[in-house]
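Report on the following structure.
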Amino acid sequence: MTATSQATQDVVFDVDHVTLRFGGVVSLNDVTLQMYRGEILAVIGPNGAGKTSLFNSLTGVYTPQEGTVTVAGRAGDAPVSVIGKKTHVVNHLGVARTFQNIRLFPALTALENVKVGIETRQKSGPIAAMLGMPWQRREEKESTATALALLNDVGLPGRGNELAGALAYGEQRRLEIARALGTNPGVLLLDEPAAGTNPVEKRDLAELISRINRERGVSILLIEHDMKLVMSIAHRIIVLNFGEKIAEGTPQEIQRDPVVVAAYLGTSAEDAQQQAEQAPELTLIDTDTVQDEEQADD
Amino acid sequence: MRNRTLTTITVVLAAGALALSACSSSKKNTNGGGLGGGSSANNGGTNQTYKIGFVGALSGPNAQLGINERNGATLAIDQANASGKYKFKIALNAQDSEGDPAKAPAAATALISDPTVVAVIGPAFSGESKAVNPSFCQASPPMPTVTASASNAELQNQGNKCWHRIIPNDNVEGSQGADWLARTGAKKVYVLSDLSAYGAGVAGTMAKELKAKGVSVVSSGVDGTTTKNYNPIAGTIAASGTDALFYGGYDAQSALLAKALVAAGYKGRTVTGNGGKSSVFTTGAGKAGNGWYFTCGCQDATIAPTAKEFTAAYTAKFNTPPSTYSPEAFDAANLLMDAISKASASGTATRTSVLDALNKEDFTGITTQIKFQANGEVQSSSLIVNLFQEKSGAIKGLGNIKELN
Amino acid sequence: MNTATRATLRRLAACLLGGFVLALMVGRQEGSLNDFGISFHQAVVGPRIFVFLLIGLVIFVMVTFWPRVVPYLTRPGVAPLGAGLLAVLAAQTVMNWYDPLVSSTGNGKFSGVRTAANASPNLSSVSVAFFGWLAWTLVIAALVACAAAIVTRVRVFGYVTAAIGIVGAVLAYVAHSAVVDLDGGIDHSLGVYADIVGFLLLACAGITAVHARAEVADTRGFLRKVMGYRPGLPIAALGVILGLLAFSTAGWFGALQINDTLAQAHSDFDGTGISSLALNYLGWLGWTLFGAAAVLSLAATYLRNRMLAWVSLILSVVGVVLTFLTLRSMTDIGAQVAPQFGGTWKNLGAGGFLACIVFSLFAAATAMVISSTSAGVRRNVRAKAPTDELPVTSMVKGFRRSSNAMPLLIIGGALALFYPPTLTLTWQNVLVGQIGVFVLLAVGLNVVVGWAGLLDLGYIAFYEIGSYTTAYLVGALPVKPPSWLQMSPLVSIPFAILACLIAGVLLGAPTLRLRGDYLAIVTLGFGEIIQILAVNNPGGFTGGPQGPTVPHPRIHLGGINITWGQDNLPYWYLLLIMLIVVIVLFYRLEGSRLGRAWAAIREDEVAAQASGVNTTRVKLLAFAIGASTSALAGSFFATQVGYFDPSLFTLQASILIVAYVVFGGMGSLQGAIAGAAVLTWLPQFLKAQVPQDDRQMWIGALVLAMMIFRPAGLLPAKRRKAELEGLDAAASSETAAVPRAGAM
Amino acid sequence: MSQSENWVQQLPQNIIIGLEQGSVYSLIALGYTLVYGVLQLINFAHSEVFMAGGFGSYLVVNGIVGHRHMTGVMVPLTVLCGVLSGALTGAAIAWLLEKVAYKTLRRSGAPKLAFLISAIGASLFLSNLAGKLFNRLPNNAFPTYFDINHQLFKIGNAKVTLIEVIIVGSAVVMMIFLDRLVNRTKLGRGIRAVAEDAPTAALMGIDIDKTISRTFVIGGALAGAAGFMFGTAFGVSNLMGFTPGVKAFAAAVLGGIGNIRGAMIGGLILGQAEVLIAALPFVGAQWNDVISFVVLVLILLVRPTGILGERLGRAA
């Protein structure tokens, strides 16, 4: 595996000693990590490890009690704290995300879904729209063109006028990525993009993610249970367990890390190391029936 | 495509149907005898039917007041038709306005465009009156109207020549009531309004007149349509140290207030206006209603025996005792029938001739003597405000309020 | 007892209960204070209850045996049979047949005419029989024969049905004209025409049933074939038929009970100093114009010739203009002769307006030719590159692609312009004061509730603020504005809008972070507070429960002097302008980025935020735009009705407007318009059908029934409808309909 | 005596009156909250269930009492009959309402607001049908089968009357009963499970339809009983439901809609607020609703999901 896009040392996300609690439950405990521009960083961990909590802390949905999170979304941006920022502001800083349980706008067409993302950066107001001002029409045309290009890009050509809710599951995943890309992000947060997809779709998706990273220069933060997918595309992996970071490294390093294997298999580190040596291609976990962390947090 | 085609066809069919309807039959009326309906307004004779219109709330939150009036008018008309007193038949065309100034114009135009309607009872409320009186009076020819309940003190000043009212307005009742209260030793009066147009009007006048006479006044309001629990306000009234209460509002609410006042132990005099004087009050309040005073520009039923007959006939017909404004509407209907008969003495009665006859009327009804001033109000000589009091479930007249002490 | 039996028994119980409830609903009985149960007794004790239970039983039998009927329902002929039956039933039960009877005895419906006909010695016996028993017998005979034709497919049954249908149609026409001939008077009733259409449809049903070869009917396909054969031709043909009526029998000028046809008007106005153009129009020009436009549009639609179509279009426009000039000079003369019966534009019959509609139909037909010939070219282009041009929204797509849009707009516009003058005064009033105003309000609330998905139960407050702002600015409130600020009603509209914008933002800013039902209660509270403020009259500002009297609007601009008064028609045209402007603006807004952002937060607020939508700003905009529409309506209403008081602005009114929006189909502009129009039309319509005291009960029952049978509303939004259909498929378990708790 | 002294002096009395008013609100609010819990829907026709309970109990009590005067043991018996008949009528109407206006819509997967409209339709229908059947007077007083203002005892200078004791007492009994029902019984577990997560509850073998139907019946019974109490104190009418319905809805939201104890607390707070504000010096009773709603809005701005928060399942 070769990292085709140069992982520079430009930091996108700087998470410094972040702790997030819900009542008495500690969801993230003193987590520190950096994400670098251009890399595909995967966050893995068993259920309830705090992966989605981390996502929500990065995007302004949750406000951690302790620690700092700064982001420099697009190349050349100065780092800005996201703590206490509204979600849409964080998005405007160049951070886009998808959701674990797909959250499209089902009653809108696929094209409209993507356009919603694109248009949040447009300028024309309601009065211009009502009067059909030329600049508003131009923006409208631009967003349509961009959206069509994005749909083509994620592999949904000619599906623009179908209702998002009527698309197949895998297509909805792709549409969600297209919508996120529409906001012109510097970094894309993917929350279990492969959940519920079949092997063929998974392969296509992995290819799509790599391509986005490669061609658009978008850094990608990935939560995924499917180890095969993670191992095949991630440049670097961070492992969370019980809200704490327990390991960090390249896929190869992680695969051999006894602490990680222990966390997944629930056995001692020594046993795990032994197993890992015997079967280096071990898939750490099954991906089905994943408890929705977000709902559990409510 | 399918739906669109279907829509097109629907629209086309609808257009066709609408247009067909517009294609009015246009024959000139050459035949004298017809179905007995369409042209009846034009031929005289004994089977002539005139219609009296009615505009008021028959549905919606204020329906009961409108229904009271319509029943009163219906009774009068049925009695007249049965007695054969007049050479013509009378029918009632009642139009529901929901008591809503925005919906009243539709009801009013329905009456205006019905050529057989020669006069109108109503509109029942002051608000709708303001909205539709101009339509009635600016129609050609103008439609004579007699309201039996719209007591707002501005209506007579709006220059509507076709408009008449057979009850005293809020100012008259309020000022004479205030005069009486001040004269009979009230030092501090609690004036409560139900926040309806009627209640606020009469309570407002009362408060103003009392203040002018040097009586100290505590004013407040309780929404009559939404409030059922009068205990809190009764407690406030009882603790206010006032020696009299005036309530501007209607019968059902007055009954609830009366009960609450008894529970709160209020000792002062309790007075309300015409809106509260009905059997709904006496049955609703029960013992608590004992001793309540009512100011009313109406005659005493014990003096006018016709009023007793009215009560009996009304109760027999509608299975319920007459309530607020039923007697007034009964009078209005009889008044209009009288005017129509006078107008038809010299040929067919028309709106114009009925209006003329109405302006010249001198009619004794069960509530009052009716003779109109130029502005449509009853002449001041007949604007006698009488005082009534409930004594063990019956409302007894005490006489002219000006002469009482 | 197995489940099937239990289900049947349950259904029987439900049907009988329905019959019982119907017994309570129908009848003159009214409760009273003295005997509380009297109406209950009258309703259910005694033999009349059995009638209603029998109705319940009949419905039960029909529902139970419905599956046996179903196979026949797809047969050809069933659709026209159903439509015809419906039309005849409606015509002979709820529609008016003879307007003069309405005013004299209160019932101009079929039954009313029957009563009058029975009592009339001068009416021909056929007509008496028609109204008496013949009509209903014919309906039943046609139904039986047609059913036999559909089931057996024996030809003779079909012909019998056709014969009965045609006889029925002819008799209906004859009987109705006999009545009108006998008694005269101005009659605008619809009943006979609906009846004729119904009978003719029955006739078609019979023929279709025995002649169609297909086993399964393809009604839509058939209609498509007819409409698609020559675009516009059916419309042009309709125009010809209506035109013949308009120019031969319809009334053009009438004062009181006398109605002149075109020819009579010509002789009446000859020599009265009427303009020569008008006289010529009445004499020959009208006919000639009509004939030329008819021939040209028929030729254009048949030959699909663009050149002819353009000529016909121009001729039609000229026709409308000339008709108007003629009507104007007729009424000018009328005003001179009899000033007490009205002035300019008064006393016109339906004929002139019908002629205008006819010319508009020709225009629509030819527009269809023009757009279909050019659309053909465009369609070819699109076929080559299907993804090239993707429309803004699906609704826009549907509209643009349709070559019918233009003609539909023309017909709709013609009806909006020329139909209201032929309405009765009462209906004109309802059209302006109820339907029009509430359509405007519903369109505004649709932005908040339908598009942005925010439940606003205090919407009436903005209406109120708009009304009171106008009242204040025209000096109708006890507190007068400074004299430099006092203005005329129409000028105050922008200020009213501004006031409501501010109020909308003031309400929205702190409350919009509340979700769904919490927002509902806060807006409800806001509505209540504003209403109570108006009632309580703080500082003597509002005048309290008695409300202000607002002058009618007038425009004095240079040479233009327009004054509005008691007459409702001028208000209608003013309102029409407002409505069109608002609808066009909102239509554009729906397809803009803001419209999509609203849809996004309605669908999933979290995802919208994550996609960068500033939900607070977008929601505020929804509130502000909704509020300003409401201000426009309020301002118009205040000056149109001339007087209002705070009792109009209750919570019930707010809830009703929400009902209009949802009833019509949430989130669709057409739906909001249709919902408001239907639900404001219904109360007035019901005045002639049920006791007035019971109207609201029937409205409640009808709304309930409508929601049960058509939960998505009258005209659901296209996108929303698709969403519903998707749900239907998934709704195999009941739980699918249980809404998800919004996860935040 | 100044007005503010008056207010302080009346405070105990007003608190008792407010308790009476609040108990009625609480009982109605419970129906809103229960239905909201299981369906996430505001049952706008609930106020008509309350009205129906009033009329049902009126007919029964009127039938028992007539023009006689009740004494001794007959008085509590009549009250019991009234409560039961009110609850039964309310339960029956609520059951029918669910079958007609809600179940059919649930089956067709209608959007949430469609339920609101069908409920509004049902509400219009029921209140006007009652108007037609009985009468449209603004209030019909119950026959005086006992002296409702009979003073039982005094707390300080505050009188406690018989009707107040009856209303508050039966409300407390019913609330305890409901709390037990929801927390301790199988039905209660079902309701909580459906409220928490309907699809999962269905998977676990809970009959969703039946649970919803029963929830309506329970809420309807409470509202019906409240209808009787309200009617005894203030009379019944076909439009009696609307205002208490809106107030109770506000109370349910105030407490945290979907939360049973929240509804009780919300009702009591609203009852107190109304009475105490109405008696406030220099304000006047006409501002009562304005102040109530302002308080409501302020509370919601501080606690956007009500005082106790949502969740029928959890907080109960």
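Which chain is which? They are A, B, C and D, in the order written, and residues in each are numbered from 1.
As a convention for this text, a residue touches a chain if its C-beta (ideal position, glycine included) is under 8 Å from a C-beta of that chain, and two chains touch if they have at least 3 such contacts.
Bear in mind that the values here come from a model prediction, so they are computed numbers and not experimental data.
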Between B-D and C-D, the pair joined by more C-beta contacts: C-D
Subunit A and subunit D, separation of their C-alpha mean positions in angstrom: 48
For subunit C paired with subunit D, centre-to-centre distance based on mean C-alpha positions, whole Å: 39
Inter-chain centre distance, subunit A versus subunit B - centres from mean C-alpha coordinates, in Å: 72
Distance from subunit D to subunit B - Cα centre to Cα centre, in angstrom: 36
Subunit D, residues touching no fewer than two other chains: 128, 131, 135-137, 140, 242, 286, 289
Subunit B, residues touching no fewer than two other chains: 59, 61, 63, 67, 195, 221, 223, 280, 283, 320
Residues of subunit A engaged with two or more neighbouring chains: none
All touching chain pairs, where touch follows the definition stated at the start: A-C, B-C, B-D, C-D
Complex contacts: residues of subunit C adjacent to subunit D: 24-25, 29-33, 36-37, 39-40, 43, 449, 455, 510-511, 513-515, 517-518, 520-522, 524-526, 528-529, 532-533, 535-536, 651-652, 655-656, 658-659, 662-663, 666, 693-694, 696-697, 699-708, 711-713, 720, 724, 727-728, 730-731, 733-739, 741
Residues on subunit C engaged by subunit A in the complex (per definition of touch): 386-387, 390-394, 397, 585-586, 588-589, 592-597, 599-600, 603-604, 606-615, 621, 625, 719-720, 722-723, 726, 743-744
Touching residues on subunit A, where the partner in the complex is subunit C: 59, 61, 86-88, 91-92, 96-97, 99, 103-109, 111-112, 115-117, 119-122, 124-126, 129-132, 136, 139-140, 143-144, 148, 157-158, 160-161, 163, 165-166, 179-180, 182-183, 294-295, 298
Of subunit B, residues touching subunit C in the complex: 1-2, 4-9, 11-13, 15-31, 33-42, 49, 58-61, 63, 67, 91, 93-96, 99-103, 105-107, 109-110, 112-117, 126-127, 130-131, 134-135, 138-141, 152, 154, 195-197, 199-201, 204, 221, 223, 280, 283, 315, 318-321
Residue numbers on subunit D that touch subunit C, as the complex places them: 36, 39-42, 44, 58-59, 62, 100-101, 104-114, 116-118, 120-126, 128-129, 131-137, 140, 198-199, 202, 208-209, 242, 246, 249-250, 253, 257, 286-287, 289-290, 293-294, 296-297, 300-301, 304-306
